[in-house]
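Naming follows writing order (A, B, C and D), and every chain is counted from residue 1.
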Amino acid sequence: MADDLSKRKLRMAQIGGGPGAFIGAVHRMGAQMDGQIELAAGAFSSDPAKSKRMAAELYLDPARVYGSWEEMLKAEAAKPEDERIDIVSIVTPNHMHFAPAKMALGFGFNVVMDKPMTITSAEARELKAVVNKSGKVFALTHTYTGYPMVKLARDLVKQGKIGKVRKIVAEYSQGWLYQAFERSGDNKQAEWRTDPARAGAGALGDIGTHAANLSETVTGLKIVELSADVSTFVSGRPIDDDANLLVHWEGGVKGVLHVSQIAVGEENEISLRVYGDAGAIEWKHAECETLLLRHPDKPVELWRRAWGYAGAASACAAANTRTPTNHPEGLIEAFANIYMNAARAIRELAAGKARDAVRFDFPTVDDGLRGMLFIEAALKSSKEGGKWTKVGG
Amino acid sequence: MADDLSKRKLRMAQIGGGPGAFIGAVHRMGAQMDGQIELAAGAFSSDPAKSKRMAAELYLDPARVYGSWEEMLKAEAAKPEDERIDIVSIVTPNHMHFAPAKMALGFGFNVVMDKPMTITSAEARELKAVVNKSGKVFALTHTYTGYPMVKLARDLVKQGKIGKVRKIVAEYSQGWLYQAFERSGDNKQAEWRTDPARAGAGALGDIGTHAANLSETVTGLKIVELSADVSTFVSGRPIDDDANLLVHWEGGVKGVLHVSQIAVGEENEISLRVYGDAGAIEWKHAECETLLLRHPDKPVELWRRAWGYAGAASACAAANTRTPTNHPEGLIEAFANIYMNAARAIRELAAGKARDAVRFDFPTVDDGLRGMLFIEAALKSSKEGGKWTKVGG
Amino acid sequence: MADDLSKRKLRMAQIGGGPGAFIGAVHRMGAQMDGQIELAAGAFSSDPAKSKRMAAELYLDPARVYGSWEEMLKAEAAKPEDERIDIVSIVTPNHMHFAPAKMALGFGFNVVMDKPMTITSAEARELKAVVNKSGKVFALTHTYTGYPMVKLARDLVKQGKIGKVRKIVAEYSQGWLYQAFERSGDNKQAEWRTDPARAGAGALGDIGTHAANLSETVTGLKIVELSADVSTFVSGRPIDDDANLLVHWEGGVKGVLHVSQIAVGEENEISLRVYGDAGAIEWKHAECETLLLRHPDKPVELWRRAWGYAGAASACAAANTRTPTNHPEGLIEAFANIYMNAARAIRELAAGKARDAVRFDFPTVDDGLRGMLFIEAALKSSKEGGKWTKVGG
Amino acid sequence: MADDLSKRKLRMAQIGGGPGAFIGAVHRMGAQMDGQIELAAGAFSSDPAKSKRMAAELYLDPARVYGSWEEMLKAEAAKPEDERIDIVSIVTPNHMHFAPAKMALGFGFNVVMDKPMTITSAEARELKAVVNKSGKVFALTHTYTGYPMVKLARDLVKQGKIGKVRKIVAEYSQGWLYQAFERSGDNKQAEWRTDPARAGAGALGDIGTHAANLSETVTGLKIVELSADVSTFVSGRPIDDDANLLVHWEGGVKGVLHVSQIAVGEENEISLRVYGDAGAIEWKHAECETLLLRHPDKPVELWRRAWGYAGAASACAAANTRTPTNHPEGLIEAFANIYMNAARAIRELAAGKARDAVRFDFPTVDDGLRGMLFIEAALKSSKEGGKWTKVGG
């Protein structure tokens, strides 16, 4: 009898996410929140001992903890269909995204992966081809687009609530790298994220792609060209930690996008404002359950998650909500939305639904490629004195 | 070989939480978030068909879905130690709290239960005796005390940061029952929560106990006496939907506690302010990641979750945190904290740690009894024209 | 030729407001802001030297600075009509309200006076009779009702935007008297405001009357009865510094009103929430330019001062506005509104308009009497163990 | 006997500010708020009838209402010293700034003028020379620097509270010109402010100079160069209505400055964030009484106006404050601060104090010139495809 995905939880393996990592645990919590996915295997670290230690903490079957991701993917692929994993969750540093993703897809596994997608746009283009050929689901965790109020924002813009878009202000400000913590010896996150070999870009890659993706997702408008002023403020740091950009989106839309890792005292302040010719929307991570809708001459509207009116305006926002109003949801739930939607797509495809009929309500390989093109254009523009540079031209 | 709880996930059964229920799913998500507990059995509804349907959605082993909670508890108790459940999660309407909790504890299971604990203080006193006799863990989901910033508030008060407490303002305002939705025919929540037979009290029980518990937890001061003005604003409703109280806490502390289910347009606005003779703290659910600390003549301090300084002031706040700053956490994580702490206590007790040495960092049966005494005093005072009435005197 | 008030600024004398006073200067700035009123005379202090010093700072004609208010009122009354003052601004401590107001009105002067109106309700009743007999304008500076957004709130409630009112939460929290600053020797404000002989009541009089007046003004509903818990937290203080009240307004409206001068770290936090059966409004002094309008199931509306839509809903709000949106207005402008509206009424009466046709858009002697009745009921209730007590019954 | 300015109010004449104007009334209210200055003369409109009408509303002596500003300046200059005006307040459209200012200074009058200072930097340079030669006071109403919390911000930065400045984010967003209201026939403000002949620049001049001035004032760092993307979004409008800039300030500071008049739904949202290597400050007009001070790892501090601690950190902030905490002050008070400080400087100079010893705590002709250089650099850069362009190089 064929393995029926509608009758069981999907089985997930994780690559990365070992002791001391941050995002791996968030992926696991998000993936398992809705009871649709269970962690079944892992190669949590390039150090097998660490991987085992992590597995024990997670009460994972020791037989399915592997010394390396290659070993895991091969071993799992060799298992019978009703045992082997369905999904590979890739949460390694950026330079270790491409190879495992490619192999996993090659073996017919679905992939959920952290961003930025790769180290170069060349890798990104190749991965896109691999995904398309595989027929599998590939989700990229641009988490902020997992928030219900961001989905609502997108739907309100699509419905014309703010008219034709004119101006965008996108920002992501952090302060956690305001000093050279990468040289403190005990900050793994800071180490790899400021290492060009492992991270590719710095602020541009880690948070710039989030801000760019948020702007494109909510408005449906792609960044056409940009003029960038990319900086490294911390002395001796070999990678960018701040970037200010003038941006042109499709349709004559203009605006700014600025990101920083040295905005001392800031937390994870990603925000988006979109001004149309008939209204404006504003979303801030710090108040992620609220969406502001501004009008030319009516009271400002505070849209709040989980009310009937919000669901009436965006079925998608309603479908990505778990608790009543002001029973706050947050980042883990936003991750859970990406996994939940990926799981649904996987189940639907497995059940034979046509790819065209499946809703991919999560960032895909196309978003991943856009991110790499954004990074490369920004670095090029800045190097050339802020010259206006096409994105992916 | 003895079953070693340190080597496996704890197994949980749920009573209640069937299709259409809200809080059952939140309990399940919270319980499973950290990978410490797995759902292993369920009697999700008094209707066995509904229970089975729920189980299928959860991919639960059909053999462990039961037609009734009595059946489940007996069957699970009869299983060998290394198979049977460890925890019973009780999320039924209030009138169905006492009996299953008593039986579960009698069989040696640990219990996590929704509030208010029982329908009468007599039941509550009996349950307290049962818990004490059982030697098991009993946790009551006064969820708001699961928030890290509430734990921080408690610790700051304990450390004397605001001096001697003088005044408290506690509030819980909702608007969801501003009309008689219980008569609409399709609102199960409204139906049972406004039915005296199933809910006991209305606003006083559902949210009044939360506000009272929050005030006692944060300050460590018990409510001594109160003067209540309890109302039913919705015509024909057989239960209270609003209550305003003058309150005296231990140590000469005075203040107000007001709750409402007819505060139309409000979400789940629970908040607490505590004024001492040297400072004040303020916490609001709508900004659950922030704690305000006010000083006599220094800038107001916005304490935020997950910073080093917050962890330095409260190890407990740090231990109940999963994501970095402004990667918001919310209600499900607050539930997860109660389950996580209960799971730790269960594991420690199972490992032979003395009960006195185990930290019960969650609301217990004592909080549950306090809640029932609070409800009864408030109803009595209001009936007697607002006469000052001792709580549990 | 008769003195034509339409052709000149109104002339104002001030009683009180000498060096070191706070509210006197605010009255002067508010009175003169719109160019309708000019300061023409003064008895700023019971100490003539201080009065002269103040007058010099204000570049006032030395001939019109007086050694006492009696002297001033008599001297000004003796001047020819086209020279003498039109308005007396009384900003003395409370015990010095009644006598000068009575004499000023007796001489045919209009009066703008600080609150609370008197020391006893007997004085208040007498003053009411004096005002009525005088045919003059008497305005009491319950300043918060001078804010445009409070006027808007009143008009929205009147228009039925929130349906039938059910519940009110009124608050005024301050922290400035959290210690015995009245014994520091250099805090005049603290001294007289905590002296029963000069202030009458403490927190109840100084800020309780503001909260009560705000609730009655916005809803148009009078306080019927109350149950009070009045306290003195600072040891040795001979007057109340905190009060918590359960309140019933006309029409079956219930709620709480709590005020404090020992809410350490709080500024001048007066706020009002009114819940109807179809919506709710919320106004907070800390965000005085915003009015929240909540709906059962629509986005929360943030009404902001000076927009077209706000003026369309409340001509009165528009008429009490001086700057465009988010060019903030504040307390001085709220005072200016009371003076501006009083000046208009004075001019209209002087021009022969019938009293009934004149709009008194400011707190009057009736509000002043209500305040005294409120204070007395609260003190009586608290003394009698919180017994429900009629206000002015 | 010589005219002694210490013994009387300063006499002010206003040029502009006739019926329908907005900013003229704000200047008058600000100027007269503190009783230091009185309106004594006016040429409120180029239409003498309108000017007279305005004067009547202001109860101004008809003999001192003039048909034109030239007439007024000459007539006043011809009056004896103890009658003639001391200050000229110029509130005309931008193209009418230079000539009256030059003439007024030439006659020995002090000038307070609205911004931007002139139409060209050439005019600005000439005016600077005129001011310097005159020995008189010239104040430019970059109002936002009149707010006490902005003065506090400047002082905290100066004291090193945020370390060495690294990044600045400056913004001024409005929505009031999101459509072509200048063609509606009844919006004078929109008409002249979008007319290149009268306004010079559009958004850049009206609000861009405010944002630029705010950044330079608070940090003490001048803008060195910029790369601009200046736009006109409203079809047919002959002037800029939006501008996004990358900016370099002195000392290697980088950041963005963006302004808009088509940010529909926005009010007058000017804000400034300054990130140093040891902390950060943030001020927003919408919460003008609060200054945020962020630290690397301490609670965020909310500094509030009028507390003792704020005055201890900035005597200047304290000196520019009129009411206690949370008795809000706003725009008119910010204007009043500029006039109050200008009046003090005028009195001190008149009393013979050396110019070097006088504190000019208001924007001066130097700020005005900086503004013109900023506008010209931005327009040039944008025209040249965003080329990095020196400001005033």
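Following the convention adopted for this analysis, a contact is a pair of C-beta atoms (placed from the backbone, for glycine too) under 8 Å apart; a residue touches a chain by one contact, two chains touch by 3 or more.
Note that the structure is a prediction, hence the values are computed from the model and not measured.
Contact with both chain C and chain D is made by A, B.
Simply put, of A-C and A-B, more C-beta pairs touch at A-B. Inter-chain spacing, taken between the CA centroids of chain B and chain C, is 44 Å. One inter-chain figure worth recording: chain A and chain C are separated by 55 Å, centre to centre, where each centre is the mean of the chain's CA atoms.
Distance between chain centres (mean CA atoms), chain A to chain B: 34 Å. Residues of chain B in contact with at least two other chains: 300, 304. Residues of chain A touching chain C in their complex: 293, 297-304, 307-309. Only residues 162, 166-167, 169, 171, 175, 178-179, 227, 229, 231, 233, 242, 244-246, 254-256, 258, 260, 262-266, 273, 275-280, 294-296, 300, 385-388 of chain C touch chain B when the two sit together in their complex. Within the complex, the chain A residues that touch chain B are 7-9, 22, 25-26, 28-29, 32-35, 39, 57-59, 176, 267-269, 285-286, 288, 304, 322-333.
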